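Shown next, in structure tokens, is the structure this report addresses.
Note that the chains are named A, B and C in the order they appear, and that numbering of residues resets to 1 at the start of each chain.
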Amino acid sequence: MNNEPERGIQRKLRKRLRVESFFKLLMAASTWLVLASLVLILAIILWKSLPALKLSMITRNPGSGYYLGREGGILNAILGSLQVVFGATLLALAIALPAVVFLTSYLRQKSWLAELIRFSLDVLWGIPSIVYGAFGFLIMITFHLRASLLAGMITVAMVELPILSRALEETIRLVPSDLKEATYSLGASRWQTATRVVLRQVFPGLVTAVLMAMGRGLGDAAAVLFTAGYTDKITTSLLQPVATLPLAIFFQLNSPFPEVQQRAYASAAILTVLVLFISLASRRLSRRLGRHKIS
Amino acid sequence: MSIQRLSRRDRGPELATAPFAFFPVALAGAIFLALLIKAWPLLSLKSLSSLIFSSTWLPSRGHFGLWPFILGTIWVTISAFVLAVPVAILTSLYLSEYAPARVKRIFQPILDLLAGLPSVIYGMWGVLIVVPLVSKYLAPFFGRQSSGYSILAASLVLALMILPTIISVSVEVLNSVPLALKEAALSLGATRFEVIRYVVMKKSFPGMLAACVLGLSRAFGETIAVLMVVGNVPAIPRSLFSPAYPLPALLANNYGEMMSIPGYESALNLAALLLLVIVVGFSLLARWYLVRISRRSS
Amino acid sequence: MNQTSRLRVENLNVFYGQNHVLKNISLSLPDNRITVIIGPSGCGKTTLLRSLNRLLDEQEGVRVEGRVFLDGQDIYQPGVDITLVRKRMGLLSQKPQVLPMSIYDNVAFGPRLLGLRDRRHLDDLVEKYLRLAGLWEEVKGRLQEPASRLSIGQQQRLCLARGLAVEPEVILGDEPTSALDPQSSRNVETQLLNLKENYTIVLVTHILRQARRLADYVAFLYFGELIEFGPASEVLISPRDSRTRAYITGEIS
């Protein structure tokens, strides 16, 4: 054995290990930087919102003089956001589900029609929500609608549609094709296969997709900005304007009164809690519902 | 059971679901057409290039130069991207290749939550923290004056906002690199970092790129968070510390009440159309490229 | 005959969490011979193999106790450099794992890590090891193609060449032919038989006939214990332990 190359290798190895430690350090540093800044966001919202976080925030509507710092809450916006989001998600689901079933069960995957539909979904997916907001507004003025719960719901549904479709398609595509064939060979029609077997298989994915779309719809301010309007009351009809949480935060934050600004922080905390709830629920549900899945 | 009977029984549901599948096609077309029709009055008066490349924005005098807004959009998006991508790549590599399971368990739910956090909250955080940071510390450090409402503030907020998305998608991509492949490289005497550099990165390049594109297209269209910290001044931006006025902010601030001035409505619809074309064109380009490389590598 | 062993295992215990997977294994792997490890599924063969070049360290929640000596040095001592240990042992896995690069770069990967840059020298090495793995004639015209285009059998031989190119002393194989067709399996087996003159080879296999064809020595593992170890002729033909006999006659699998 000659020792010269051995020693060269040793020296190079020390250098390689130094490079490794350097990058590892860099990666760890950036990870902790990211974690710290993200946790900082949550911490600051919580800390800033503490002075204004009273029970009345979620149990009362804005009273008179609320925007000057007097009594009241944002129950109107909380309920309004939920109304908009539930309606929008139902609407989006009512379109996305049959569309995706058609796309995955009735079309050959490489046909031009399937390509066209997929392409359109990609296009829709890329469209910023402010553009949907603008389009929703154009529809509104065309049909002489006022800014209303209905208009807001339709616009948010458009935002959610591509998100929902893409997630659904992905989960459906993961269904093993053996399973589909096994069902066909039992004499089931495509429809029966799609509804009884495939849907049951994808149910966990469906739930996560719906919750994800809801989360997105809940926080989207740009889509409701021109279409949903704003009101200090609780909305009881589809044609009345409706308050939403993101806009409540936005408006209160622009107020010159510190008390009102503090309530913006509190509203942000409430919105965060709602989103947190959705994200936890989707984790929990997809785990629980996934038990019977064949993989 | 004959194929024919099977398919006859299936006709009904097929016909019932088909219209829904055409809905996305119709919607995409309708949005494009509606904006085009609404923008047409202005487009028939002036050439598209004069509208895009002129930098005078004086609606009351009939000047509708969109260049400052386009530049604002590009500046903010690109700087956010440049800030976010290296950090996202380093972080996702750390999370997938080095981090102990405990760290991953802490990180995952936080990333999920923050990826879904509404943009108005990021914007709020920007107003509270980033804007003062820029005006009090960063700008003076570089010898400049800034109100803090600036491209830099917007891109910092935006970068932070798209980070969770990019990171969680990238981690998923990285985790799909087979363990056995990494072990093969390790057993040739590679260090972990060399495995990452020569094997993992190469294997997951298309997926990582897709993750970044996802973040980028989200950044392009982001409205509220940017609007809150970018200053909204319709002038050509001079530096990272100057304010800007990206297209989405222009729309958000003016779209609802644009009726009185002639041509104004058209100009705003043109702005929306431009935004649409930029974002969609960009994401289609990226998609096409991704398909191409994934075809080449398989 | 008195066999020397540069690779020795002493009182090795491996735990996955609470699960005691390898129980007090002691084993000397004879130089320049093929040692085949057999045993029913889940008995710890892969684990034993991976403990030899410390790939087990890459997993979380694994605890290794005991010692593995390579040329008299305990590779589990702190301060031992893992990359150098691994460089001295080539690994063939169940499914061939070609790196996402060209055929040439796959073979040159190891030497390049060690700092070899000279193109001519690399060319020579690539050719030498592709020949040694019996692949040169098939790929010499297409060295720059992605390695993933090769057939599975060719890929496995490429992995062999790639492993040889870092000049290991030991070759570890975890059922290296299980994903291959019979012809390719034979091909890999032939290469292994040719290589044993210069390398210490440790092979895990499920196929008893393959063990008979290749083994000089056989180790039989059962539920994490080493039941029997000795020359192939003894273990495979007249095993001392009843469990070994049962396995070899196919009563347990």
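The rule is short, and it goes like this: contacts are C-beta pairs under 8 Å (C-beta built on N, C-alpha and C of every residue); 3 or more make two chains touch, one makes a residue touch a chain.
Quick caveat: nothing in here was measured; it's all calculated off a predicted structure.
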Where centres are the averaged C-alpha coordinates, which chain has the largest centre distance to chain B?
C
By the contact definition above, name the pair with the higher C-beta contact count: B-C or A-C.
B-C
Averaging C-alpha coordinates per chain, one finds the centres of chain A and chain B separated by a number of Å equal to 15
Indicate the whole-number Å distance between the mean C-alpha point of chain A and the mean C-alpha point of chain C.
49
Residues of chain C that touch two or more other chains: which are they?
83-84, 113-114
Quick check on chain B: which residues sit in contact with 2+ other chains?
191, 194
Could you list which residues of chain A touch at least two other chains?
16-17
Of all residues in chain A, which touch chain C in the complex?
8-9, 12-13, 16-17
Which part of chain A faces chain B closely enough to touch in the complex?
16-17, 19-20, 23-24, 26-28, 30-31, 33-35, 37-42, 44-45, 48, 95-99, 101-103, 106-107, 116-117, 120-135, 137-139, 158, 161-162, 165, 184, 187, 189-191, 194, 212, 215-216, 218-222, 225-226, 245-246, 249-250, 253, 264-265, 268, 271-272, 275-276, 278-280, 283
In the complex with chain A, residue positions of chain B that touch it:
1, 6, 9-10, 12-14, 16-18, 20-25, 27-31, 34-35, 38, 86-87, 90-91, 93-95, 98-99, 103, 107, 109-114, 116-125, 127-129, 160, 163-164, 167, 191-194, 217, 220-224, 228, 248, 251-252, 255-256, 268-269, 272, 275-276, 279-280, 282-284, 287
Residue numbers of chain C touching chain A in their complex, please.
81, 83-84, 113-115
Touch list for chain C against partner chain B, complex:
53, 55, 58, 60-61, 83-84, 86-87, 89-91, 93-95, 97, 99-101, 109-110, 113-114, 146, 159, 162-163, 166, 172
